[in-house]
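Please see the structure below; I have some questions.
We call the chains A, B, C and D, going by the order they appear; numbering starts again at 1 in every chain.
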């Protein structure tokens, strides 16, 4: 059997599991112990098959179902296979975690959740496989609806409902844009196969319109500014494994779509396409990271961080498009590789972080950062594994997050002179912004990890928190292992993305990387730049051991446990001391002050005379206030105007008919 | 990896470990002289380290293992940083493991560890110190990266050894972008090494502390490791600055013997650098913490302007 | 004789038009019913004339149907309704009468203009009648718009139907029988339903003023 | 089977007429609703047999050329019979509850059931007749039956709705008669007088010779006339009132069947007009009406508080979309328009079933009073949720399929129109989904009812729609293609 059959079999397997879980609607044990692990196994299978398919020639298949004359066409090529790897990775770990996670009902029967979950998995897989516009759209929207249903699992909460609504609305509007995009791409041929779309040569103006629509449509799904508003609402509302899947995998399907349309179907375009993506990407990255530092809810923090990461990925794609437009294939390959590596890297660490929040949520029932703290002592497994994710999220070596950051900065730096002076001036600025974003991501991650896991527990109930169960640990370990192992072996990643970049921009990094062995990453020659994570880790490790050796070996100080120093005052009770710690708001305060223009802040400050002082600060998104609300108001105002048509008076209605008739007659006469 | 490379690498590490406290002592001495105080001896930092190593370490009850690992991790990071920065030779086997970007990442890693450790105990000052340190870090880090990029653009490389070599070899010429980068780098170094005007390493007033607040809970050998690591960091920064902006006198691959001559040149350059640092610290006053972001943003902007100038002049 | 008959059709057409105008200007309901009856009579005459000219037996049946329905049954029914409901009083049109007349004239011009090219093509005996029939339809339509009571509105509706019928007989020499029958049946059932309706409306609203029938609407306050 | 298709055809019409007569006497009995189901089922059987015959044996012409079935109307006949049957199924417990609650009385039940059958009969006559005049008569008769059905509760609101419905559609249909007349006038010149001049099979044979001037005028009257019944903006004003105030099964058949049949009438006329005219006026005017309907209806959706009224506006929107598709013409758009007819009928009637039952349980059609359907009755909640998603054009349901085809073909043929339509679809989505979500989710406030609701039709319809979204069976596809070709594809 060839790869595509296996992949279809796996997707079918998920659908089968979905159906099976409908049969055991309320049997939590069966769903948790059998169905989710089986789903995870299929995810692993997908990963294996996709890894093999990535290095094989493209394969096509046709299903019997579909439109008349347009059966569903499927195809797996290097690009698709890469994203199937992403899906496989995400699903495998998340399903393992879910096996332990869904022990109690989340507002919806476990069987139903499992149904929606597995349909969601199959839809994502088929989105990547789709080889015609119809199949793509069907799967795309199935993915959206199934994830919507997962988001609204706990629909008894009003906040969850409104989050779900916003999500599906923006997803649908995005899908509408995609529909128009495909409408343009098919160019009146009525043939929606991608192979046909690829072969058509569109008028440049039309292809730019199609590009714009694709950016809008995929941007809405990926959470690009200013279409990001659903993301920080929906991700916190969903059960944590679902947040993990949505953030780590589903957003990537939008990236896949963007690449498929811009670089595969349209085969690149004028240089300013890249600039558009670059600008949107950077805006998202900056806005995402700044907002994530000031959040006080852990999953919202991560959701904003996802916006940031998507922004970085799109920045990389934008750069690749620009280089591609100027025929600089090597540089385009570098930038694209950076983006693609980041796709996988983000999948690993963001899943890890979201699943970590899931474990915390289960153990404490608390999602507000202001009421967490000190969990490293009661939940060591989760804490240490999440630490790996947080460090990767901060873009620190030797974890996987650093690889993509490194590649991206390299592609900026190695920019030789572009034939456009404007761009030449722009590139350094962009590089600076990227550097700033990455540094701020570190800030956010320190806040995330520090406030949840370190310090004193801010609530008494946190002392009773229990560590994650075996299945959950397994899921976390899968991702944490990936974060570290891939961080140490970036050459594996380069191998994996090489066929993709070759396919899309006509060059790959693998040969350059091969030249220096698998330990060293040097995409453009050793003398220009190199990064050897294994040596790096060994270096740090050896030096640290050296420090320990010096400290322990030569000198003989003893170690004593004592209460923390209380600035000379009598030691406070633990409870009081916990309240003295920096709160989540406090930790974000400097950023809030520096980037004040980003936010719409409303404060409620206590007066000196208040007997029970209250401090409240509400941070809102300016884009929400200045773009979305006016649009909503405009729609309502139009609706009010239109509503006047229906006055209830039959004479008026007759007049409409009469005038319509007259106008039509006049038209005929003319 | 050649034998001479290995020797140079070991020599560099040894030099850094041994010499870093000396540099700190030299700066302190100069500053005391400039401020008309009686100067401590040059080996004062060594004495402090020795004293700390002999004291008992008191660890807070609530501290997790992270708290105890952090000092060593920071020490390890700084040692590696010193190992990959070409001080006396550019033929360094470890240099391929990390280029300029990874170097910045290395500093960030150390900072993150320390900030997390400071939050671990759960005291008011630990968290405050962590927050302030990360605040400085998020501005200083991109600024540092940008200054390094200024040089990278000239040398078409981000490999430190290669950058230094190229800077060393190129014919002497005025490079305006480097001037911007140099100023930016100075500012960043001051901030990163907790010197006045950003932070006062000698302060004991909790509310103004940054670095001291981070290490408030540490004592004994852990504090010693941190102090040593801080000295290493100052050494590393000084060396990068000197190597990139005043690269003359560093030994290259093809002339291993030049290392012998490189050492005195380095000592000389460090001495001059120490004096200038002391001078800056003497003539400026510590600024309020809220001014620090502006100060660092200036550095960031200067570095970016440096990049732009480089592009504009069409290097 | 034949020429005279042909011309007489044009005469009937003119009468229809005049009656339509009279309906627009008439305030009293009872007079409206009378005018409607007059329209019916004119139609019967016109149908008979066309039947005589074209020798179509269908048209005689049609004329008989019209006579029964539009001259006898419907006017009688309307009279009964008016008696039973006691709604003889004058109606207040929504647009004042001179204005309505002016608009009516414009409509007539428009209808003639519209029908001109068709009339020239028409093979039937009375080609000019199509324009007049169209004008009658439009005038009745307008009457329905401006009347505020149920009965005048219904009469407007019936008058419009008359205009159509006239177009069918005069301009096309009669539609196929099955269609004619169907139409007649529909009109009959429709009038029956209408009268039942009017009683129910009156029962529910205590009046036949259709301004009471304005509760279902979408221009109220914002629903959200 | 060797039954003469003409017999089937005659039976198809006679069965519901007989049903109407029978139920006029039996409709109030306890078995009344069941008899209603039985007759509808019988009609469905006839329709199924007839369509099989047509699919296998080609078009059927009979009764002196008076009845005519080709692929175009055969599929509508099948659809009408199917929806008629499922609605009768739904209506059985629904009307029983209404009667127990005192909203219906014995005579009203008789009227209701009898008119229901007659309505179906008139729909079938309108569909199968070859005579455009009879088509008009049947449409008018269908209007009359539904007027009685809409007003069956005798509440002030239902009377008002029925009155408006009667007057507006009456006037509209009168214009259609004038159009038919003009058509006859034009045909008269070519074919000569008599019944032949109104037979569609004859007309279509000579369509190129018809006088374009008259045809243009005729088409305008026909479009405005039948367009009133289709619910095209700004002729739509009767539609939301009638849908909201009548019994729910009637809302279902109005949306699901009547509008389709009216559109069918326009299509038949358009074929003739297109044949005679070369300036593409019919297509363009249909495009205009279509866009206007979609856009205006979308904004109206935002203002609704009454569940049935909201879905009535949604019907206007979808009829607009179909009109647009047929206006666009071409094999793809026509195909999509026909498919959209099918899936819209099925989905919308399913939604009305679900909404009707929910409203019955809540005792109010106001959407603010309906909450937590998923908890109150999972099948009901899911039915409404999935139905709404389907009607909003979310795949894998069939509505998406047709919208996909319509909009993608519009994108290049009429680049300015597609964005407008899509914007309107976005607004519609936002408006409807906000309401549906609040009805479906949350804690339930609904008391249970005595009779088990017949929700099977909901899922049967949705299942068919889902099937059409993923797989159009080849025989059906061929059928659609032939039908699309018939209307000029």
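Heads up, the rule we're going with is that a contact is a pair of C-beta atoms (placed from the backbone, for glycine too) under 8 Å apart; a residue touches a chain by one contact, two chains touch by 3 or more.
Note that the structure is a prediction, hence the values are computed from the model and not measured.
Ranked by C-beta contact pairs, the top interface belongs to chains A-B. Chain A has the C-alpha centroid lying closest to the overall centroid of all protein C-alpha atoms shown.
Among the remaining chains, the Cα-based centre furthest from that of chain C is the centre of B. In this assembly, the C-alpha centroid of chain A lies 44 Å from the C-alpha centroid of chain D. Chain A and chain C have centres, each the mean of its CA atoms, that are 69 Å apart. Centre-to-centre separation of chain A and chain B, using mean CA positions: 35 Å. Distance from the chain B centre to the chain D centre is 78 Å, each centre being the mean of its Cα atoms.
Shown for chain C are the residues in touch with two or more other chains, namely 114, 141, 144, 153, 210, 213-216, 218, 222, 224.
Taken residue by residue, chain B touches two or more other chains at no position, since every residue touches fewer.
Residue positions 636, 640, 643, 645-646, 650, 654, 657, 661, 665, 668 of chain A each touch two or more of the other chains.
All chain pairs that touch, listed by label, are A-B, A-C, A-D, C-D. Chain B contributes residues 53-62, 64, 66, 71-73, 75-80, 83-84, 94, 96-99, 101-102, 105-106, 108-109, 111-112, 115-116, 119-128, 130-132, 134-135, 137-139, 141-142, 145-146, 149, 152-153, 156-159, 162, 206, 216-217, 220-221, 224-225, 290, 293, 300, 303-304, 307-308, 310-312, 314 to its touches with chain A in the complex.
Residues 66, 131, 133-134, 136-137, 140-141, 144, 147-148, 151, 154-157, 159-164, 166-167, 170-171, 174-175, 177-178, 181-182, 184-185, 188-189, 193-195, 197-198, 211, 213-214, 217, 240-241, 244-245, 300, 302-305 of chain D are the ones that touch chain C when the two sit in their complex. Residues of chain A touching chain D in their complex: 64-69, 133-134, 137-142, 144-145, 152, 155-156, 158, 161, 164-165, 168-169, 172-173, 176-177, 179-180, 182-184, 186-188, 190, 192, 635-636, 638-643, 645-646, 650, 653-654, 656-657, 659-661, 664-665, 667-668.
Across the interface of their complex, chain A is touched by residues 94, 110, 113-114, 138, 141-142, 144-148, 153, 210-211, 213-220, 222, 224 of chain C. Here chain D touches chain A in the complex through residues 163-164, 167-168, 171-172, 175, 216-217, 220-221, 223-224, 228, 234-235, 237-238, 240, 281, 285, 296, 299-300, 302-303, 331-332, 374, 389, 392, 394-396, 400-401, 403-405, 407-413, 418-419, 422, 425-427, 429-431, 433-434, 437-438, 440-443, 469-472, 474, 476-477, 480-481, going by the rule given at the top.
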